[in-house]
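What follows is a set of structures for review.
Presented sequentially are two complexes of subunit A, the first with subunit B as partner and the second with subunit C.
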Partner chain A sequence: MDTVVQIIVSGLTLGAMYAASAIGLSLVWGAMGVLNMAHGALLTIGGYASYSAVLQLGLPWYLGLPAAMIVSFVVGLAIYHIIFRFMYRHPAFETNVIIATVGLAIFLEQVTLLIYGAYPFPQPFSIEEGFYVSSVFVRFQNVLILILAVVTMLLVAALLSRTRMGRAIRATALNREAAQLMGVNVGRVFAQVMGIAGVVAAVSGVMLSSITTLAPTMGYDPMLKAFIICVIAGLGNVPGALVAAFVLGLFEAVVQFAVGVRFGFPALLALVIVALIWRPYGVFGRRQVRRV
Partner chain B sequence: MSTPLLEVDSLDAGYHGQRVLRDISFGVPDGGLITIVGPNGHGKSTLLRAVSGLIHPMAGEIRFEGKALGRARVDQIVARGIVHIPQGDMIFSEMTVRDNLLMGAYLPGPYRVLDTSLKEVYALLPRLEERESQIASTLSGGERRMLAIGRGMMTGGRILMIDEPSLGLAPIAIDTIYGLIQALKQAGRTILLVEENASRVADLADRIYLLDHGQFVWQGTAAELDVHDEIVETYLGG
Partner chain C sequence: MIIRRRGTRREEGARKRFLESRRNFMKGAGLAGFGAAAMTSGLLADINDGARAEGEPIPVGGCVPLTGWAAADGLSFKSGLELACEEINLMGGILGRPLAPVFEDSKEQGADNIIPAMQRLIDRHEVHAIINGYNTGAVTAEYDTIADAGVPYLHHNTDIVHHETVGSDPELYFSNFMADPAEYWYGEGFMKFISDLNDTGKWEAPNRKVAIVTGSQNYSVVIANAMRDSAEKYGWEISLYETVVVPISEWGPTLQKIRNDPPAAIAITHWVPQDLAQFMMQFVPNPTPSLVYMQYGPLLAAFREIGKEATNGVLFATVVGALQDEIGQDYFQRFNSKFGESASPLTGSQPYDSCHYWAIAAAMAGGTGAPGEFEQNEKVCDRIRRNIYRGVQGATAFVLPYQAARTYPTETRDPSLGMPHQFLQVHNHLEQGKLIAPEPYETAAFQIPPWISG
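Let's look at the complex of A and B:
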């Protein structure tokens, strides 16, 4: 009983964090058809922004998250204006963006290192107290992470399905040329998508660093997991990414418990290989995703 | 006659430095229906793409309401009132019929009169109202075409450019679509229509242009077209 509770708590927490990392990546892929390799840097920046807001500016701990969201939103927009804006009309957009954002990720990581050093600061947006389920101690932080992740997802889903901006994002993803013919300024949609991706990444970065610690390289691992989730779900498929995130989170927790912590990641990769042999276009993916 | 709503003046256009269109000049008067016919692959779609800004002219000028379009972005051209209903519909296949129509009214101007134009479209195309909440990819070919035209109407533009509305449709669906185009014309809409085959459009069009190898080879009215048997045989397949 205790082990089951432990696995479920740990699996749901992992899943929630993976989901929040994956949404941003999936959204950018879906709307623009490109991989933003600096997505992990957005997570890291969010985590540190919360730290600075609380421990350096002296704001109450709960304002760490909104501060992180604002900073990552601005950085997301900046990535559009500094990089994507000059590239999206070019036929080699997809490749160019990967290279440019890898460079940007390294640059941002070094800037973080320069400002904060490599010291593993704790995340102040965190609740130490908790409660017992049977004899297992569950931190409120884990519950908070789950709630935050679910709320973030619901908000993104509502934005995409119910607002004029969300409709334009979906339309651009489905057919960029047709969206333009409806009067959509594709550049502005891309900027909006990068801003939203930044906000969601900040949530994910704050949550992640609250159960581990802050580190300039902390964004790489969740980004890799997010990428795995997107590939399994079918790239650009946001609802599929959510399901995949929780399934993989629980799967990893089970493997970590049953076989050992260090086997969690290899097991995840093995699962990806199997999934892609079975359905090369993603488990929830559509057969044809190439844009014309 | 006063200045046409849309004027194309000595236009050259194409892709990757290759000229597809040479020295194209014509005008579309306010409230008129102008048709460009010609075999496939001879530049009809290229012409519409140049007007809507999807490609930029290599030479010549396009003027709308007397003002040159220059190198304006597609969304800026749409905002000025030029609506391009592209070949093959390009509907947003994974969105509902209603969301597709709402996308037509994306710009702030048409968005403000959304309810009125939605009623107008549904009055003309009741089938779309029946299928309102259906995903667009589940529609039949004829319904997709209706949706593409309805979505174009929602933009509230001053001129509708329709690229091959009969393409790939069954004869009965073509009748419906042409009934719709006739209704739009009667409602006073300005229309620039492109078709491979003139037999359907001849009666509707105020003026017909024949496009062959990127140049206009003949222009005139439907009545004049009947006189020229040779043209009819060559281009319009009788």
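Let's look at the complex of A and C:
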């Protein structure tokens, strides 16, 4: 019984971490056709912003998250104004932006390293208490991550489906030229998406660093996992990414226990390959259609 | 081709004084001949015989990770070498020539970072020695660069591959020294340590099982394999051998396997402090009555800062690090007063001790050698091989032919002939770990971990 509970708890924890990482990446991918390779760096900035707000500015721990959201929102907008604004009209935008964001990720990582050093800091936005399910200890923090991942996804979905801004984003995602002809300011839509992606990344960064740690390279692994989740869910499918994250998290936990921890990630990749052979546009994806 | 410069008149004077001084020292101390022990750096001042460090500076290289994942340690290595050079210069440098440390960044420590950095130290800075902490990625690929230049290279890579490389051609790699024991010794040393705890009644093992959890890096795997291979010799059996992919923060499946078959001891050879802290935070709420040993990570304060109370009772070890005895405490004070309380003297001691060791050897050999000056560098390296140095990390003595530091007590039972394999335990997460073994260096007693004692 304990074993089953432990695997479910571990699987949900992994799934929540993957979901938290994947939502922002999926949003940008779906809305702009941009594989934002600096997404991991945005997570990192969010995590460190919370740390600085609490431990350097002396704010209460619970204000770490809003502080991180503000900082990452500004950084997201800055990325648009410094890089994307000059690139998105070019026909090769979707390819060029991958290279540009790889460079940006390296730059942001080095800036983080210069400011904070390589020393791993604990995230102050963290709840250490927990409760037992059978004999398995579950931290409130893990539950909070799970809830926040779901809530963030619901908020992003509501924003996209129920607001004027969301309609403009969806219109741009479906057909940029047609949206432009209908009076949508595509540049502003891109800026809005990057701002929202920054906010979502901040939530992810604070949550992830609360059960891992703060380090300049902390965004690499979540970025990789988020990429896999987005591919298997279908490019830009935010609700699909959430479901895929939890399914893959549970699958990985089962493999880790039954076969061996080192086989968890390879098995996950094997599952992705099988899924893509079966559904080339992702399990929840549709041919030639971008959804947000 | 590098042509040796002629010494200045001041250097020649210092060299003459050195020769007279050395004759007097050897005669007086009765230490001439093989195995002569260079006990302290005071020896260097004696050899310099009052010479002031005013001659042409001797460039000393440090190839250290100033950026990248190991930058925190890299800065400590840089500080350690700077402090050593400063102290040596106060003692007259090497025969009146001051040391001038220069650094190149080994970044992420891949061979593609390390070899060009070493080459720059040799070609651009013409260093007379390269003295490092650790660089993990080259796996002796840089040894050929050193072999071409011939300058002494003292590092702390803690890598068993060094034995094979240098042992395969000691003549070619005559100037490559690993100034700490290989990581292999962590494995057997751990088995001996828990056996000693059990045999002396300090701890009563509930069974003879050990669970080993390793990361996927070569360093972790070598140690885990050494534990597995030496377990039988000490009467232990391996109940679990699990390899985890790093980074890892969710330890649930691994912990469940451990709980399903509780061992007497859990040994984790993965070394990243934040991952290890997460293990303890998930282990302590539902523990097994097992000792927990972790590799390297608990040496860093980040482990205790992240894991807090859950880290109390954790065992860890290092085959190289500053001791907590009088010599070590004095060094800690000097290091922290120069670099601040947040500086890390524990790892800075690696290049610190090796720089002193090399400086004494060079002074005894009649001076340093630039790249390409093989004859002089041979003399310096010969002195390094013959000397035994008692520094802040204990005794450094090289095992031939592979020129790696001997470990105590697993490889020798004489503490004056080997670098202590230090076992430490977190007694209070707000303080550094306490040194609990080996004798005679221990400063505190082993404590039964709180999750066992209740």
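Everything below uses one rule, namely that the second predicted complex is superposed on the first by the 288 of 292 C-alpha atoms of A that agree within 3 Å, B and C clash if a C-alpha of one lies under 4 Å from a C-alpha of the other, contacts with A are read in each partner's own complex, and residues count from 1 in each chain.
The criterion applied here is as follows: contacts are C-beta pairs under 8 Å (C-beta built on N, C-alpha and C of every residue); 3 or more make two chains touch, one makes a residue touch a chain.
All values derive from a computational prediction rather than experimental measurement.
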Room on subunit A for both subunit B and subunit C (clash or fit): fit
Partner chain in contact with A:277 - subunit B first, subunit C second, else both or neither: neither
Touching partner for A:168 - first (subunit B), second (subunit C), both, neither: first
Of subunit B and subunit C, the chain that contacts the larger number of subunit A residues: C
Subunit A as apex of subunit B and subunit C, Cα-centre angle in degrees (nearest 10): 150
Touched partner set for A:122, first subunit B, second subunit C, both or neither: second
Partner chain in contact with A:184 - subunit B first, subunit C second, else both or neither: first
Contacts of A:92 with subunit B and subunit C, given as first, second, both or neither: neither
Subunit B versus subunit C as contact partner of A:262, first or second or both or neither: second
First (subunit B), second (subunit C), both or neither touched by A:1: neither
CA minimum distance (subunit B, subunit C), superposed complexes, angstrom: 39
In the complex, subunit C residues that touch subunit A: 67-72, 75, 216, 242-245, 247-250, 252-257, 259-260, 273-274, 277-278, 281-282, 285-286, 302, 305-306, 308
Interface residues, subunit A side, partner subunit B - complex: 164, 167-168, 170-171, 174-175, 177-186
For the subunit A and subunit C complex, residues of the former touching the latter: 2-3, 6-7, 9-10, 13-14, 17, 110, 113, 117-122, 128, 130, 132, 135-137, 139, 211-213, 215, 217, 221, 253, 256-257, 260-262, 264-265
Subunit B to subunit A touching residues, read off their complex: 52, 54, 73-75, 78-79, 83-84, 86, 90-95, 99, 102-104, 106-107, 111, 151, 155
